[in-house]
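Look for subunit A in each of the two complexes below; its partner is subunit B in the first and subunit C in the second.
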Partner chain A sequence: MASIGLINYATFMGTMIGIYGILALGLNVQWGVTGLFNAGIAGFFAVGAYLSALLTAPPSPERIMGWELPVLVGWLGAMAGAALIAWPIGRVCLRFRSDYLAIATIGVAEVIRLVLRTEETLSGGARGITGVPRPFGGLEYSLSQFAYFALVIAVLLMVYWALERQLTAPWGRMMKAIRDNEQAAAAMGKDVERRRLESFVLGAAIMGLAGALYVHFMRAITPEAIDPMIATFLVWIMLILGGSGNNRGAILGAVIIWLIWSMSEFITDQLPADVATQAKYVRVFLIGLMLQLILRFRPEGLLPEESVQRTSHLAPPRS
Partner chain B sequence: MLEFINFYIIPGIVIGAIYALGAIGITLIFGILRFGHFAHGDLATTGAYLALGVTTLIGLTPWLSLPVAMILTALLAYGIHRLFYRHLEARPKILTVMASLGIGMMLRSVVQVAWGVDPLAYGSGIARAQSFAGLMLRPREIATLALTLALVATLLAFLRYSKWGKAMRAMSDNPDLARLCGVDNDRVTRLTWFIVGALAAASGFCLGINTELTTMMGWSAMLSMFAAAVLGGVGRVEGAVVGGLVIGLAEELSVLLVPSPYKSATAFVILLAILLLRPQGIFKGKVL
Partner chain C sequence: MNKTRASILTLALAGALATAPAWAQNVKVAYLVGITGPIAGMAPTMVQSMKFAAEQVNAQGGIGNGGKIDPQVYDSGCNPQLATDAATKAVNVNGVIGMVGPSCSGPVIAVANSVTVPAGVLLITSSGTSPKISTLDDKDLVFRTVASDDYQGRALARTLKARGTDKVAVTYLNNDYGLGLAEAFSDEFKKLGGTVTASRAHEDKKASYRSDLAELAKGGADTLVVFAYGNSSGLTIVRQALENGFFKNFVGADGMRDENMIKTLGAENLKTFLVSAPAGATGAGFEKFSKDFKAAGGDPNGTFAATSYDAAFLMALAIEKAGGDKAKLSQALREVATAPGEPILPGEWTKAKQLIAEGKDIDYKGAAGDHEFDANGDVPGDYILYKVSGNTFAEIERMK
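== the complex of A and B ==
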């Protein structure tokens, strides 16, 4: 019995790592390749999760939609929804330095959270949306968990493969050129603003897909399901630690950080109840401190971006 | 009419003054050090809780513990700069922005560990509103407005007339040129952090005394403060004040148009509108 429990736990962890890996890949398109600071990852994730849930779940008198569409439609809807929210934000903010994008994306995430908490016909109120179908959900528990894990990994690999192709294509080289020297790229006739918008929207769509994968895994969602700031921050630290600009680095970072994060949760759960809540905040503090240390001592991450001609754009200038 | 003023305009001006104090700090960092400081809201929270700590430990009244908390937060802000931001100075500014987001989380979790997550208050007792020819004002609201007025007037005079204030403005205009003219950029940076920390503490304290102390209050207010700074024009202190008041009033008045939970989305809408229509802000600040 114990071994089955262990296997179930490992599958759960693996699925979460896969979902966070996809989030980190999405962020890599925005930050790693294009240099855009998205601080509202959780917002795009939530849009994807809710949209896919509403498209595929059975109807309920308490909320709208519930169309029982195929799961694949839910996933595509999630990507389209997240992209649709990213587009106007990008249009307004990408003309300026990324500081503005950061505050605007924080704002978007907050507004999405407000809407979900306020509009009960949309989010099903405090009970949330339940009965979200899961592919292979009809199988026996362990098998179903494992099958979904395999599906998430397959999606992760597909996203990875598609992004690798996209980034080695002229589009990827152009994006990096824009990131590294905007003026030079503009002088070569590249439409900087438009390319940035493409990259921002693409990254957001991938984040929406991760949200959809999450909601079908959990089979239910409430507005309080994830802490927006912590989720966003975890993805950031995954990408920075793994190596911005490197897709394999993003996945490696997701593995390491999720293991550290959930192991530390495992440890703090063993503590007596009165210190356990405090220990939760100590964990947040330490993860924040970790970011500072990585930024200072290894800004290029564990797997630095591969490049023939230059070092990481995060490294100090050589002159 | 009086009722309208009492229920919407006065609370709007009070919260606007609090936003203004926060927005000045954001606009100074944005203008002089050239990055968006995302730990600012949590710096304000920390300042507010430090004032609470001084009140409970030494037994000063809240308003007397504020100056102590301002000094402590000023030192804290400078300490954070020395420890975490300074070594990123030579690298792209966006890395400092990212670091500040992490610092905000760290500050918040320290407050949560030290004081817990339940709402707290500086003191018990109900502050009764007094009537001034029909205008209902609580003593703490009068004090908040007076404090804001005094701090803004002092800061504006300092920036305009004193040697170091001029150095700050010079660095804001052009750091390289300022250095060539003998302005010590390091000292200006240090001074900026002291001022910003003290103002953040004041805004957090006023926020706490007018509502209640929560560990998330600074983070939630930061969006409004940023919107105020951009609305007024980045780098412009008087702009931040006007921006803060506009945002505060708009938030209070928004409940007339949209359901009240959406109050806190007002600042976001204004931010997007100003970036779209007039990114340099009302007072023609910088656009980075």
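== the complex of A and C ==
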């Protein structure tokens, strides 16, 4: 009993880590590789989650859609939807320098959140969408959770593999060139604005996929889930801690932060009952403290970017 | 990945060993409350009243033969990601057999869907008011001691109609509280043959609602139903409607039952003002809870204090009735909470324990109501209609 319980807990954490890992990978494309300061991760996460829910959930009289399509269609729809939303935003906002882009994307994410919260016919409003199917959801608790965990990890590995290929290809080096010196890249004939838009849209699509994976895991979505603290800033901390510019770093950051976030509660529970309630805040403090320490002593993250070593054996791009 | 999994397991194991029970007879119950996050202000009282219930149970004989309720407090953060994580820990690592909470409706839905219902754990929330919770596919494992937003709106509509009002305009604060009430109210009012001439959402904290009021008044109704808070937009709306003579009668729900309204506007101006509020704060159950909880240093009028107490106490009763068998908990909960049976008031654990031991049926009459659960595990909610009298609110009738 106890060991099954631990496995259940581990698979739950593994699934959440997988979902956050994908979010961090999406952010890594935008920030780590291209230098786009997207502070509106929650917005794209929400678009993916709600769209996939609407495509696959049963219909309900109070809102639109509910088409009961296969889950895979929901996932692809989530990616396409997040990309479609990102495109016009990118067209407008990517002309801003980094900190202005951050402000603009926070604004966009808040707009998305408020629209989803208030537009009852679109999203179920404050009550959200329930009855979203989970693949293997019919199985017994542990099995169903484990099967979904395996699925999420498979998706995570696929995304990782695809991004690794994309980033070691000339496209990836071009993006880094744009990030490091925009004028030089432009002088080399690169269409800076278009390339940045590509990266922004790709990252957003990956975030949308993470949203879709999340909604099918929880079988429901409500506006509380797209709180910026949980869906934006936690992801940023993961990427910065793990090492921006490095896909493995992004995943490692997700693993470490989620473990600390989740397991620190066991430690704070050991404190006397009088302070145990207040001690719940220690988790928030710990995460902040770690970020401070990392930025102070290891600003490049635990697994720094390694583009030079990994691509130096390849011939320089011809263009 | 293997290494990661191994380290996850090691860490989890360490956590589990550290929290291993003192003795096996104790029964672990999770209290999952939004300690951090948007309702952090209400959480301390909720935790305190839940723990107070557990203390009373333990002081009066505990569970079964010398066992104790062992409360495990977790943080739900009022957020589904954190709540499901905490619930997974509670159920799988700490091995709780029942869960009181989580706070907020979104986390209730997520936790029920992905953790407690698949794992067969009984969940009683004391603060999730969304109507969506009623319709969950929950294998009879999700209950609540707080009424769905739906009920109050419907009860108010029936009462108003019965009192002879046929035409109203509705304005509501644009959040899930206001929206839920307004929808249920309008739906029921129309079903009964009444007319809602206009229904408009409004945003909080505006300086003037005169243009909203002018629009609302166009339909010719002389009664305005306001679903908002009496220390905020509700106050401004009623004041401006009075000043400009847009409406004659005003009706509100529990958010408007705020003595600040009377202080600011004056009782003589509020003769036509009616409000509904949950009856919990009047019954014998509440009086007993109020006295005991005050003596223990708590605030019985705190938001969700009474419902949280009831949820924790009902959980203990159900555990006692089921003999600690997780699979029988939901059936046992229905038996101890609903009529018929010997009435049990808050804190009467010794009496309840004895009756259960004798095999007699009991019926818990809680601090926040009688908790006669319906098929969805919802409580119907007991509401009272109040009018302004002097500097306070006086009961007119019980609403059905």
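Here is the rule we use: the second predicted complex is superposed on the first by the 280 of 319 C-alpha atoms of A that agree within 3 Å, B and C clash if a C-alpha of one lies under 4 Å from a C-alpha of the other, contacts with A are read in each partner's own complex, and residues count from 1 in each chain.
Just so it is clear, a residue touches a chain if its C-beta (ideal position, glycine included) is under 8 Å from a C-beta of that chain, and two chains touch if they have at least 3 such contacts.
None of these values were measured; they are calculated from a predicted model.
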Touching partner for A:118 - first (subunit B), second (subunit C), both, neither: both
Subunit B versus subunit C as contact partner of A:6, first or second or both or neither: second
Partner chain in contact with A:218 - subunit B first, subunit C second, else both or neither: second
First (subunit B), second (subunit C), both or neither touched by A:266: second
Partner chain in contact with A:106 - subunit B first, subunit C second, else both or neither: first
Touched partner set for A:130, first subunit B, second subunit C, both or neither: second
Which superposed partner A:80 touches (first subunit B, second subunit C, both, neither): neither
Partner chain in contact with A:284 - subunit B first, subunit C second, else both or neither: both
Touching partner for A:299 - first (subunit B), second (subunit C), both, neither: first
Residues of subunit A contacting subunit B in one complex and subunit C in the other: 118, 230, 277, 281, 284
Residue ranges of subunit C in contact with subunit A within the complex: 1, 4-5, 8-9, 11-16, 18-19, 35-37, 43-44, 47, 72-75, 77-82, 84-86, 88-89, 91-93, 95, 104-107, 109-110, 113-115, 118-120, 130-132, 135-137, 174-176, 179-180
Subunit B partner contacts - residues on subunit A that touch it in the complex: 35, 37, 39, 89, 92-93, 95-100, 102-104, 106-108, 110-111, 114, 117-118, 229-230, 233, 236, 240, 277-278, 281-282, 284-285, 287-289, 291-292, 295-296, 299, 313-317
Residues of subunit A defined as touching subunit C within the complex: 1-2, 4-10, 12-14, 16, 118, 120, 124-128, 130-131, 134, 140-141, 144-145, 153, 217-220, 222-225, 227, 230, 255, 259, 261-263, 265-267, 269-270, 276-277, 280-281, 283-284
Touch list for subunit B against partner subunit A, complex: 30, 35-36, 38, 84, 87-88, 90-95, 97-99, 101-103, 105-106, 108-110, 112-113, 117, 219, 222-223, 226, 230, 259, 261-262, 264-265, 267-268, 271-272, 275-276, 279, 287-288
